[in-house]
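There are two complexes below, and they share subunit A, which is joined by subunit B in the first and by subunit C in the second.
Here is the complex of A and B:
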């Protein structure tokens, strides 16, 4: 059973911001509820008010100058089935296809997933590798937060208390840009996730972006591992994968828990990085 | 007096929806869960509370033809929508091909997961009438069964799909 709360249903973004500002910590944004309602059911959090943001029309998927603009209220189901995403960002559409189960995908939103910042989640990791930007609105003003800077800690993002995530922007991928996301897990949520993006040009690898997630409290970019692969020939980068994997494993801030021991997770990071790289360059 | 006044304070949301093809009008409080409303207020106990964390699928209902975890859906969210429970699947006593297939192919033992299993399968086949086994398994991934080992469930769904395509 859930504790009683009042439901607010703003129809304009400004209204939602105003409600957030007015009620502060006693109110919470409610979209699909697939994470929030679980936490409320378990008594981990209590709110006097839930602010239903599904009437704000933030579920469009579009393209502007090649860049993809994804509404924060898009459900995982809408994303996995989006022809635009399947064509332009198949790795991300595939990631969404494998989130949780079909019922969670039906209700859960990308924005909710990112803002709840549950460590064992997929989208944030790949969005970091894709150099995505999170668009946060407060009243009339908006700001862009890089995906890299968005995830602060487990269940903590860099959004201010009265800010709403409205859109996720993914820069225009060119034809030479390859990306891949691989995850591993045998419990209900993923235990380890690795995302990679790189440019492949004349047998050389450049502009590599690597992100690791699920193993530690928040998804992290790993510039040290990227440096071992960027600006190298494909063969040299391949030879460096073991070392890059070890660095990425340590950077994941893996913790020993039900999902596995720290060293096990670090090892799996290395395995996934190797496979993700090979998938991206093939 | 004070109690009545407090009750007046409680927010209720009118929910107009179709349930198994029939129009319903109920008032719900924001915090009421769909599973509780369907089971306790509407007396339809086919959907089960099992894991309560959207993992097992025993509470699966179809809302606008799509599977949801009723245990983690706020009841007011079905306003203006159509809800299908297992009780609404047979029409005038005639079983749905999925129900017939589950019987014919032994797709259930204790039957606890079965309402959710059949509704999820219906959503799958309505969307994809000719799924590959891989597609079927992916869609049904979130419906757990502790009895059958899944083989007969897959056979039942595939058999129903074949019958429904004919």
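Here is the complex of A and C:
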């Protein structure tokens, strides 16, 4: 049962940030509530105050100076159905289309998903591969955090206690930039997710970014695996995929749990990396 | 969940043994452990174990019972506690072994940790990883304290 709490409804960002600063750990941001309310109903977390940020209007999807700007309060449903995302970043729209189930997608927000940092979440992994920046606001000031620096550990981000995630900026890919996200799982949440972004020019592969998620405590970028594919011809990169997959598997810090044993997850990372690469370059 | 750790400490075995029974100093090495009390010298102790994974916090008022004690070599203990707020229980079976090697001591411990109740919703893997981190930090802290004294 949900315990008693006080609902704060700020209408300005600075006000929400001030409330967070004032009440510290006894308050929590409430967006879609798809993770938070479940944890509260289970009695796993207790907060005296929930700060409802849904009136802050952070649910725009736009494009500016070559970057896509996604409001943190966009629901997964809004993102999967966004014509702009479908056109400019179809891999991300497709990822959003496969987040959880339609009830979760209808209420759950991208920002909530990222800030809760549940280890088996999809979006963070692809956002790392896409070099996304998380825009965090405190009062009137903002700062940009790279997606790879945003995820610290399971359920932990680098947001300060009084900071709010307001926007996610994703560099919009040009015609040579390709990306893909693949996941695999047999339970409600995925066991493994792999994201890749690369540039394909004259049969050569460059600027490869690889991220793995779901297998371990938090999504991670794998520069060692990227180096095996970057600056290579498509054929040479394809030959290196086995080695890159093994490195990415180890880098995933896979944990043995109900979603699969550590070595199984590491193996799946390799399989998904091969397929994601093929999908991106085809 | 089974954990096995071994740490080499640059200190004689007598000193390590004495340190283990100095409850206040020893407990200070256990991350998240507070309010340690001796209920019965050498036999029963109590403490509050706290831990945090992201927004999830647990607080287990814990009783530690020493089941076996072989001077300078071995301690067998059991710790059990419950967090009634989140409806979870914890039980730890602990075997501590001391072995002299040259002038140093090898401190080894085998811990069987059981977490029951709602906390398990976090997932076995996350809890195991956290417990592993706690034990590593504990081993590091014991080594640091004892070698720092030298």
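Methods note: the second predicted complex is superposed on the first by the 282 of 282 C-alpha atoms of A that agree within 3 Å, B and C clash if a C-alpha of one lies under 4 Å from a C-alpha of the other, contacts with A are read in each partner's own complex, and residues count from 1 in each chain.
Following the convention adopted for this analysis, contacts are C-beta pairs under 8 Å (C-beta built on N, C-alpha and C of every residue); 3 or more make two chains touch, one makes a residue touch a chain.
All values derive from a computational prediction rather than experimental measurement.
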item	value
Touched partner set for A:33, first subunit B, second subunit C, both or neither	first
Touching partner for A:45 - first (subunit B), second (subunit C), both, neither	second
Subunit B versus subunit C as contact partner of A:201, first or second or both or neither	neither
Touched partner set for A:117, first subunit B, second subunit C, both or neither	second
Subunit B versus subunit C as contact partner of A:217, first or second or both or neither	second
Touched partner set for A:7, first subunit B, second subunit C, both or neither	first
Which of subunit B and subunit C A:154 touches, first, second, both or neither	second
Contacts of A:257 with subunit B and subunit C, given as first, second, both or neither	second
Contacts of A:143 with subunit B and subunit C, given as first, second, both or neither	neither
Residue numbers on subunit C that touch subunit A, as the complex places them	53-57, 85-87, 118-119, 121-126, 128-129
Subunit A partner contacts - residues on subunit B that touch it in the complex	10-11, 13, 29-33, 36, 52-55, 57, 60, 66-69, 72-74, 76, 120, 123, 138-139, 141-142
Of all residues in subunit A, those that touch subunit B in their complex	1-7, 33-34, 37-38, 41, 50, 77, 97, 100-104, 106-107, 188
Contact set on subunit A toward subunit C in their complex	28, 39, 42-46, 117, 119, 153-156, 217, 255-259
